[in-house]
Amino acid sequence: MAGRELLPDGAGRARVGGLLWHLALCGAVVSLLFAVVWALLSSFRPTSRIYGLTPSWPTLEHYTRVLAEWPVATLVGNTFVMASAVAVGQVVIGCLAAFALVHLTPRARRPVLALLTVSLAIPPQALIIPQYLMATRLGWLNTEAGLIVPQLGSSALAVLVLVQHVRAMPVSAAQAARLEGALPREVLWYVVLPALRPAIAAVAVLVFITTWNEYLWPLLITPRTEDTTVQIGLSQFVTAEGTDYGGLLAASTLTSLPILLVYLVAARRITDAFMQAGAR
Amino acid sequence: MTAAATLAAQAPVVARRRRPGLAGWSYLLPLLLVVGVWIYLPVLATVVLSLLDWNLTSPTAEFVGLDNLRRLLSEPEFAQAAGQTLLYAVALLPFSTAVPLLLAVLLWARPGRASTIYRSLLFVPAMVAPVAVAVAWRFLLNPLNGLVNEVTGRVGLPAVNWLGDPAWALPVIVVVTAARVVAFNMLLFSAALSGLDRRAVEAARLEGATGFEVVWFVVLPQLRSTTVLLGLLSVVLAGQWSFTNVSVLTQGGPDGVTDNVYHRIHTLGFGYFETGMASTASVLVLVFFALAALAAEAVRRRRGRS
Amino acid sequence: MRSVSTRALVPLLAGALLLSAAACSASAPAADPGSVTITFSSYNYGTQGSAGTGTQALLDRFAELHPEITVEPQSVPVADVLTSARAATAAGEPPDVVQLGYSKLAEGLETLPVQPLDELAGDGWDAHVSGIVPGPVATGTRDGSTYALPYTISIPTVLYNADLFEQAGLDPDQPPATIEEVRTAATAIVGTGAEGVYFAMADPGKSDYLTQSVMNSAGGGVLDAGGTITLDSPASVEGIRQIQSLTTDGLQPAVAVDDAMAAFTTGDLGMLVISTAVLGTVQDAAEGNFELRTTAFPGFGSAPAAPTHSGAALVSLSEDEARQRAAWELISFLTSEEGYQLIATEIGYLPLRQSVVEGELAGWLEENPLLVPTIEQLDQMQAYQSFPGPRSNQATQLLQDEAVEPVVLRGADPQSSLTSTANRIRELVGAP
Amino acid sequence: MTTTTASDLELRDLSKHYGSTVALDHTDLHVPAGSFTAVVGPSGCGKSTLLRVLSGLEPVTSGALLADGADLTRVPAGERGVAMVFQDYALYPHMDVAANISFGLRLQARHRRDRQPSRAEIARRTQEVAEMLELDELLRRRPDQLSGGQRQRVALARAVVRRPPVLLLDEPLAALDAQLRISARAGLQRLHREIGATVLMVTHDQHEALTMADHLVVMRDGRVVQADRPEQVYAQPVDRFVATFVGSPQMNLQPGVDGGLLGWRAEDGRLLEPGEAAPAGHLLVEGTVELCEFTGSAQDVVCRDGRTSFTLRQHVGTVWLRPGDPVRCVVAPQRLHRFDRDGRRLG
């Protein structure tokens, strides 16, 4: 029953409680979003006004210049392909591993999970050099493969989350399927995956966003402009001649739009995915 | 032919076709392959690099053993960075546990359209490009004509050079990083909360528990495992979360007060091309967290909790 | 048994396929015999504003002159130029021509496969190099061979707000020429409530071009001719102390360069002493706020000003014969009269050939006077000095982080900070 | 185990709407103090809503709610002295049995200035109610380590330990298996006598309601159709719906004179001897046996006469009828139930 007050304190107090509730949350929204909104507003201020606080008429000068001189489409395209491929890759690897660790080789669960947990703590800054050398030896410089495959290495978080959800699932369904002669592949496909869909959506969203904002790896592996990603493109606004703030803010707004749109369209499903993921 | 006998005749067919051992490992292979090749092979390389003096381009690299370690431990910058990494971990802890948990509980207490809208808005900071947010903060914190000093000035507080003053720089970086951490963890807590049994909450209301008591005695205890997990994650990842803001806003300055091990490793590796020292620092960080993980595991096992 | 083996291997194949399919997608570009393709790593290429469009104009002009050479530009963030060049070299595919900042040049010469340009040029070398301003060329020369030619050079200059000068009762046509005059002007401006002056010593890119300019002008310097480190010598310390006194006396805001630039463009800062490279950006931002003017870098006491330069040089890393020739063609064009002329008009860096200044540029300089004071000071320009050895860039960053910033912005004691930092650098680079 | 005096509950013209759906429609109900009242009705008749409104978990749309005459309508859930056992028990998963039971008392101690009841008192009462419900060996167990029956008893213990004047039970036996249900039924009635509170039990099982309650309420479409002693409701159903809903097998109905209905209970039919004539004024019903449901002490015989069918109960000792046998039986006039065209009871 939506809208039902979960913590009723009688009519009077509910109204006051309601006001405090809205106040607290509006406070949180303002403090979390203030910088983001400020960045958005500043992207519409003319260069001569961009510094300081004097109000000014909004102008699209930065947007027109960025759209003309900055390869928005290629950068967003490359980044979208990279982020979605890494998300799909990690989810596939994660599901296969989570299913195996819970149903097929439970003995292996403790050591493998320990291995993954420690891998989370490894500073990516340190691995970048050897990873870069390996990727270039494979001829992946300035290629999609170079962007995608090495980032599959950080599937640890995805596996840890998915294992938690597969373990929370009632074991009876999988056992019943196996009794009817289902092969492991079929148990995974028909029993485990359908129940895992919310967790998969949640993990996919998390990985997509984290990969979208990755800076270090694309910087090295795709120096050529046509192959590189948004974050590297954004750093082109920080030049030796000072930072072109207007352009940078306009460009980052333009490139954040795809995720914001995906989120607004799927906001319901993404938050629900998290909610159901929790419910498992 | 008793029923049992006929059943037995069919059973072996089923058993023979199902070989969990082999199938199991083939399911694990993609993960082991990917993590092995792209995480643990480079770790091996890093360990090797930590024993060499090589700057990546010169053909010769000479074995220097623990010389890198000695140089690393002798320079004050690394020790300062390591100490400050723990400072980041502690400072970000409330923003990865208490604050998002409070927001998630508030949203959970009044389900409905309003809370869905608030939850979506509160998740936005996690999606915006880190560079853009950092730049926006540089505007706001400009000591001469930034909005923050404008406001504090009106209230009569002295103007502060937020990013340039060694006393304020680290807290400012923590606050700038906090928004993204709160946004992410708030959603994770919301997920955990949705798994709770709402009937138990109603039962507590009937037993006379006030709103606060319901949250304190019934809801929070059930979220302990999630809170502990997110707390541990925060301690491990605090340095990495603040990395972008440190490199864009302060480059570790002023006087190195905002530096952390991850940014120090980046400076050593990419700024100075001291590959040996950078690798040694990484090995130290890895060993520290591995020991911490083992210690946590031992504590958990001795406490007997499953 | 047979059915089990095939079906169980499906996930196995998936993993292997994922890896191998990716491996073969990196096909090498087919090189057609006639033309040569060279890569040009430039931190100006692709950036917003005049630097990006100017570099593109240069490359288009070069393509007209040399259709047989195709230049493949690689844009790289300014802070990571050396990083990506070294990484590319490690990967066996170094860029043929690199725009490398002077603060990183010394380390680049030690660690990158730089080619001697005079050998690549052959007999045309003397004619080509003679017209270029000698200072930066000297910086790029190591034991007789020149590995780097100056490309986009800028010198620190004094940008000042003519309107604020008038409000403070100063004559905008008589801008300060010495540090003492800067101090008096700043005092007057602070009287009107604005900030006085800001020396951009704490350069975000950790370059020490302004530190060297101050020390040189005060009679000191980071290094002396013999290679001894003299950044802690009395003269050097005195120069830095003078800049610090501006802050302690409230004439200079103790803020970061970005903050000061923001204040200057909104007209809240009287004078900004910074590299001419930012002229383009500041000009756009200051438009309509106030009248922007420039004057030469101030002298210290009676001695004339001795600013050094920042900016970048061109080096070539290609090993292959044909690509070396093509690389030299590009470098020689970019450092030719037409090259420098375009660099000055299109991007806003200094024209490094006197012939260009008197020649085609004369008319252009009338309409764009901002560069004139600096060009007139070209002959006083000192060569940029870098610490010896492969760790020179690290030493420069140490100087800026451990000494210059704390002293100028946070009131640390000049003598002790510079001395302790000098000793750490001596140990680091192994110099006296 | 002493308790405070049981409260008498009263609903006056009470309505509850969820958006457009009407769950309670101007309901009037009186639950006598100390009674064991069962509320029964088809699903969606509003019985669960009745509990949620009584407990305070749902606000009232209109009308009033009184306990011993005091107006409870606006009083918040925790302060009504009303305890409830949920259908799925709703135990606190992270607390052991002892903590689950004593949570209410510990809250009381927190809220009162005199900090009563004391820690020792709470321990004593928890132990006492645990023994009463045979839970004393399980006090350290967590809910997920208990069986369905044990969980139900913990939920009961948790509600009863606070000695509430009113105890609400939401389908308490629904989740139990058949065997456990019978013993639990007796347990609940014994518990009612011991704690002396007013018990209001909601169930969809009319048999359960008949056997356990001393006051039966039949609801339909958000309204109370009939509320009386169970035997009175069984004997004098106020309309066709109550007649067919209460009692199994269902009351036999056949068209009566002038469009009304004639109803008789399976046990009121008397078999005629072969050739015996129907006594005057008695209703004669004829048909052939279709199937027999043997229940140990009796047998329910389902017979068909052309289109209509009826059920006759035979008790042990008579000759058991077999499918296919012809049946002629009569019903005494005073055992007949007459309903008008709208199904309302006549006379």
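In this document, chain identifiers A, B, C and D correspond to the written order of the chains, with residue numbering beginning at 1 in each.
Methods note: a contact is a pair of C-beta atoms (placed from the backbone, for glycine too) under 8 Å apart; a residue touches a chain by one contact, two chains touch by 3 or more.
It should be emphasised that the depicted structure is a prediction, and the values quoted were computed from it without experimental measurement.
J.: Along the shortest chain of touching chains, how many steps lie between subunit C and subunit D?
T.: Counted as steps through touching chains, the separation is 2.
J.: Let me spell it out: compute each chain's centre from its C-alpha atoms, then which one is farthest from subunit B's centre?
T.: For subunit B, the chain whose C-alpha mean is farthest off is D.
J.: Would you mind telling me which chain pair, B-D or A-C, is linked by more contacting C-beta pairs?
T.: Looking at B-D and A-C side by side, A-C shows more C-beta contacts.
J.: How many Å are there between the centre of subunit A and the centre of subunit D, using C-alpha atoms for each centre?
T.: It comes to 54 Å between the two C-alpha centres.
J.: Just how far, in Å, is the C-alpha centre of subunit D from the one of subunit B?
T.: Centre-to-centre distance between subunit B and subunit D: 55 Å.
J.: Please work out the Cα centroid separation of subunit B and subunit C, and write it as a whole number of Å.
T.: Chain centres of subunit B and subunit C, defined by C-alpha means, are spaced 37 Å apart.
J.: Spell out, as numbers or ranges, the residues of subunit C touching 2 or more other chains.
T.: Where subunit C meets two or more other chains at a single residue, that happens at 8, 10-11, 14-15, 18-19, 80, 83, 87, 90, 258, 262-263, 266, 268.
J.: Touching two or more other chains, which residues of subunit B qualify?
T.: Only 17, 23, 27, 30, 34, 37, 56, 139, 142, 145, 205, 210 qualify.
J.: Using the touch rule from the top of the page, what residues of subunit D touch 2 or more other chains?
T.: 56-57, 77
J.: Of all residues in subunit D, which touch subunit B in the complex?
T.: Against subunit B, the touching part of subunit D is residues 55-57, 77-79, 82-84, 86, 88, 90-95, 103-104, 107-108, 110-111, 158, 162.
J.: Considering the complex alone, what residue numbers of subunit B touch subunit A?
T.: 14, 17-18, 20-21, 23-25, 27-28, 30-32, 34-35, 37-43, 45-46, 49, 56, 103, 106-116, 118-133, 135-137, 139-140, 142, 145, 147, 150, 176, 179, 182-184, 187-188, 190-195, 198, 201, 205, 210-211, 214, 233, 236-237, 239-240, 243-244, 261-262, 265-266, 269, 275, 278-279, 281-283, 285-286, 289-290, 293, 297
J.: What residues of subunit B sit close enough to touch subunit C in their complex?
T.: 16-17, 19, 22-23, 26-27, 29-30, 33-34, 37, 55-58, 138-139, 142-146, 161, 163-164, 166, 251, 253-256, 270-274
J.: Along subunit B, where are the residues that touch subunit D in the complex?
T.: Residues 197, 199-200, 202-210, 213, 217-218, 221-222, 224 of subunit B touch subunit D in their complex.
J.: Can you check the complex and tell me which residues of subunit A touch subunit C?
T.: 47-48, 50-52, 54, 65-66, 69-70, 89, 92-93, 96, 129, 132-133, 136-141, 143-146, 148-149, 152, 183-185, 219-220, 223-225, 232, 235-244, 247
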